[in-house]
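Naming follows writing order (A, B and C), and every chain is counted from residue 1.
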Amino acid sequence: MRRASKIWLGLSLVGLLGFTVTAVAYANDPTGASTLAQNPQIPLNYVWILVCAFLVMFMQPGFAMLEAGFCRAKNATNLMAKNLMDFALGSLMFFLIGYAIMMGGSWYGLWGTKGWLMLGDYYDVDKYLNMFWMLVFCATAATIVSGAVAERLKFKAYLIYTLIVSAIIYPIYGHWVWGGGWLSQLPFGLGHLDFAGSGVVHAIGGFVGLAGAMVLGPRFGKYIKGKPQGIPGHSMTLAALGVFILWFGWFGFNAGSTCDAHHLRISVIAVNTNLAAAAGTLSALLIAYWKTKKWDVGMALNGAVVGLVAITAPCAWVEGWVAILIGLIAGALMYAGVRFFEAKGIDDPVGAVSVHGLGGLWGLLSLGLFADGTYGNYSLEEPFVRGLFYGGGWGQLIAQLIGIAVVFVWAFGTGYLIFKIMDKIFGIRVPPEEELEGLDISEHGTPAYPDFIQINR
Amino acid sequence: MRRASKIWLGLSLVGLLGFTVTAVAYANDPTGASTLAQNPQIPLNYVWILVCAFLVMFMQPGFAMLEAGFCRAKNATNLMAKNLMDFALGSLMFFLIGYAIMMGGSWYGLWGTKGWLMLGDYYDVDKYLNMFWMLVFCATAATIVSGAVAERLKFKAYLIYTLIVSAIIYPIYGHWVWGGGWLSQLPFGLGHLDFAGSGVVHAIGGFVGLAGAMVLGPRFGKYIKGKPQGIPGHSMTLAALGVFILWFGWFGFNAGSTCDAHHLRISVIAVNTNLAAAAGTLSALLIAYWKTKKWDVGMALNGAVVGLVAITAPCAWVEGWVAILIGLIAGALMYAGVRFFEAKGIDDPVGAVSVHGLGGLWGLLSLGLFADGTYGNYSLEEPFVRGLFYGGGWGQLIAQLIGIAVVFVWAFGTGYLIFKIMDKIFGIRVPPEEELEGLDISEHGTPAYPDFIQINR
Amino acid sequence: MRRASKIWLGLSLVGLLGFTVTAVAYANDPTGASTLAQNPQIPLNYVWILVCAFLVMFMQPGFAMLEAGFCRAKNATNLMAKNLMDFALGSLMFFLIGYAIMMGGSWYGLWGTKGWLMLGDYYDVDKYLNMFWMLVFCATAATIVSGAVAERLKFKAYLIYTLIVSAIIYPIYGHWVWGGGWLSQLPFGLGHLDFAGSGVVHAIGGFVGLAGAMVLGPRFGKYIKGKPQGIPGHSMTLAALGVFILWFGWFGFNAGSTCDAHHLRISVIAVNTNLAAAAGTLSALLIAYWKTKKWDVGMALNGAVVGLVAITAPCAWVEGWVAILIGLIAGALMYAGVRFFEAKGIDDPVGAVSVHGLGGLWGLLSLGLFADGTYGNYSLEEPFVRGLFYGGGWGQLIAQLIGIAVVFVWAFGTGYLIFKIMDKIFGIRVPPEEELEGLDISEHGTPAYPDFIQINR
């Protein structure tokens, strides 16, 4: 037994060292046998990463139900089509091109250049695992935009935009932060950090969406004599189902981002994720009640999502009560954002810009303030991540502020360019009569609910 | 190779011993490195518990869809709001207060006193994991009540009740059974046992709901000249979706409750969970057909849930055919319960009292009858749990009967007190005109389905 | 440290050997302690298999939502009932009878004969695990049929048919392929192979469904003067939700089918699953657009499913770009199949025959063409599976062609027999007036959506 104890201890030490090498690539092992032989601990990581990736993929119907629920019945088929096709096209593009750009080495910190079509050396269990993980995040970024441009964007334009986000916009920015690119190498703090993608996924999606909403202009009937009108969605049950699904999938999104199940920190991440969502829900509900004297479920649902968005960057580096604080502030910020963009004449049918854009930036910032020095850079070892309020000085905060500026400029800039160019070439907005009739008929020939007598609003 | 074999054997033995210590707290390890070093096997448990906890969290939309589906369209927004807010508020309250009361040591077996806000020593990967696990169960208990009080309870009253259930009612009873409290120390059998919470979660939720339904009184139109009327729900597809989600999530609920993935007994638990649900579905369907000559899907759906509720307490201690028997009886009991409460003038719109209350008590009882002595007290080691029919004598059965009495008195008593006090202070029922119009408009200002022409029943 | 390294290496080697024995049955260990002692690595497999099994079970609401969404509102309750009861009945029958026939030894390669009711030696953690895994697949096969016979089959006939599929049709064919039966012993290639059930599950379900649709005849209004009419479904959001759920669950279906988490090949399987689904979606969408100039979401949704069906057999044996190819072809095949059966007067309301039947056969065939020799027969060791285009010669392809013929004959033959016999005895189709009114009222007494004013189509 004593001997076994020593073995036990030995294993622990080796294990601890081992974690730093789990990310090492085992070139070209499609069978997986030699990867396993080199690291017998790795199967647990595969199980963890795959299950979490499945959960992230499941966020797709979460977005689909949320967006459809918040929009009108006459566009529900269209929203199903968009959410389905961005995942389908995104999956193909990211496999063929995106992954190479994001993770295939680094050309001066700008983008990768290897792994096209995952051929040759890239037909490897580890590479496929990593590609799959990055892919489900890519698809999330793409799908966020569909909410901001809902009820008026041509389907063709949506398909083209999806190709570009999946193949270029997301992979390049992702490279900068997660692929060894220049933002991760900033000489401030530990470089720009974004644990699970408040910036890489959500701010990217949110600000591309902002560009789309601005190029498109508001829906018919959104402004009457300049005053914004509420256009309630057609199904509060679907919207709520969508948010619950997102909340569920987000546990995979955040906790899976350790990419190592031996980081027991995953329990803290799960708790923080849950607390921020809960706090965002509560603050949005209370602020809306204070302003309108109604228990506004739509706001509470968006409050949950913005809490999740905000905690995504800092989830691994803060403790529970801070997660609550981050969520409370996120809910308030989202509420203010929705009112702000609405007042500025920008029509974002589901609030995607405020939820994912503003929430994403706040998440990136909060990390620079509250990271408490109990967890490293995806590592159990020093240096640990520390924000301003926890003795980390200004370094990490500066790195975060730089990232905030870059993600906004990149997402909004490329997004604006793409939507504007497409608009010049073929016009991205459906004709007025199609918008009034709803996109389901004109674009898809299939009303979503032919058995029910409806009011065309 | 021979040496490796010895190591192999050594590991096995150490492993077997190791399981008894996995539950030991490693004080204050927010990073998780020393917890890991002390027990290199533990990451698998983290993965198992977290994934199962995510599944339990996902039961929230299950309840939301089931309850909304079984109620009228005019209250669907309200049900979304309730199911969302009980999870949000419950998450915050349980983190801040509930966990300390439930698991923070034990003051004379009555309640815990440490761990408020999870600060200091409680900022620890193991503590956070355990808190998260207990939290998702707490939220389930809270959400069950919303069905019994549906379509007439003020939203404000719902928020207050949720705070109290999450911070006090569930944590204190949970402490008695799972936190080392007095019920777990009863000098009969192995103390009162409840593997995954037929009592701690479901009977608590069910009988607090009974108290709520009694204080509220029946909905308008439920009784005409004293005769109960059927009030069909507004969406059978949502109701069925909800039950399927619950069935799915319940695998996490029950199998995850080993809190140790090295207990291979999890396979038996999963099978038993599935069989009891299937048997409950079948018996409810057949009884309803026998009585009404219709294949009553609503009854079958509730049959699935009551089968799940009933197997929750005994799932780890019985074999498959017994799980079928438990499910068959549960379905019949639920059918009789629904008719009984309806006849007694107690209006429970979704049958929550019969499903969770009666089903929960039957689950606690069945364990005292059928536990077959093949699995211990969350342990692979003796003493194994044995019921009356498997040579265990009367001890375990007596412990179960005591628990049954206590859970009923505690849940119904505290529930009645809270609803009655609130009713005295501000009146917990919405005004008649709001009830007739539906709570969606008056409480939330948002009809659930504004695009569809509806019948106001 | 050096010593620990040796241990490390030793463990790896033992581990590699160990994988070949993980499938060995440990007779009668209901507690799980000795199974664990003999193989301390096995808990990870339990976690993997159980989580994947939960995901497969969750495909049930996927099918339920897809089928209901593609059918009319007047039959939605009926479809919920069918999808619920086939899982409930199937679970009971497979536990009581099916598993013994499928996996209880082999009587001349035809069927098993041990393990009835999982009693005695079969009360064992490993046996229960295996039974549960096979059961969720069985339930999938059963539920597929409900789509093809939707909107006109009597509920009683559905219950009887479910009993027979779960107890006999699926278990016997499953035995032939996965239970050591004669198809797996064919002297061509490595015997007939079907990694996760393109044939065992999907072709079985699809062609039993074809038999059912043929015996029943088309729905009223499907053909007017011999010309097929589109009968759009009542909810595109539910249909899309269903497909997303299926896509999600399918990761468990395919990747879990290694039944060993130490096969890191699970990452390749997950990627292939996703790519084929994406490619199927895309090809179906584009073909439909080419033919109709509409972005047909219904076709795209079925394209996703047929991509998933087709990749199910070859998912472990091909690389990513081949998965895309398989999916693209599957989508085209499905489109052609839907048109073909429609033109032949066979009314399959949801396209189940083309999706699951044709897609399943194509999956079986593709494996014989494209298997690339990087993974064995559920094994990391040689012999690896090789198809015609990868130097495998004709052997594997012949084995696949034999399986294709057998699965079609078996499924269509037994299915036709059962539906025909039932039809002779009591008539399996509901009376015309009930079909026109919808089955929800006549069979169940419960309209699915009583709050909404509907059009009876």
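Here is the rule we go by: contacts are C-beta pairs under 8 Å (C-beta built on N, C-alpha and C of every residue); 3 or more make two chains touch, one makes a residue touch a chain.
Quick caveat, the model's predicted, so the values are computed rather than measured.
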Problem - Interface composition of copies chain A and chain C: same or different, split at half - result: different
Problem - Between chain A and its twin chain B, rotation from the CA superposition, multiple of 5 degrees - result: 120
Handout entry: Length of the line joining the C-alpha centres of chain A and chain C, rounded to whole Å
Key = 32
Practice task
Return the residues of chain C touching two or more other chains; collapse runs of consecutive numbers into ranges.
Solution key: 7, 11, 13, 44, 47, 51, 235, 449, 452-453
Handout entry: Contact footprint of chain C on chain A as seen in their complex
Key = 7, 10-11, 13-14, 29-33, 35-38, 40, 42-44, 46-47, 50-51, 53-54, 57-58, 60-61, 64-65, 68, 76-77, 80-81, 83-85, 87-89, 91-92, 95, 117-119, 123, 125-126, 128-129, 131-132, 135, 155, 235, 238, 440, 443-453
Exercise for the section: Report the residues of chain B in contact with chain C in the complex, numbered from low to high. Expected result: 1, 3-5, 7-8, 11-13, 15-16, 44, 47-48, 51, 55, 72-74, 232-237, 239-241, 243-245, 247-248, 251-252, 255, 261-268, 270-271, 274-275, 277-279, 281-282, 285, 292, 294-298, 300-301, 304, 319-321, 324, 374-375, 380-381, 384, 449, 452-455, 457
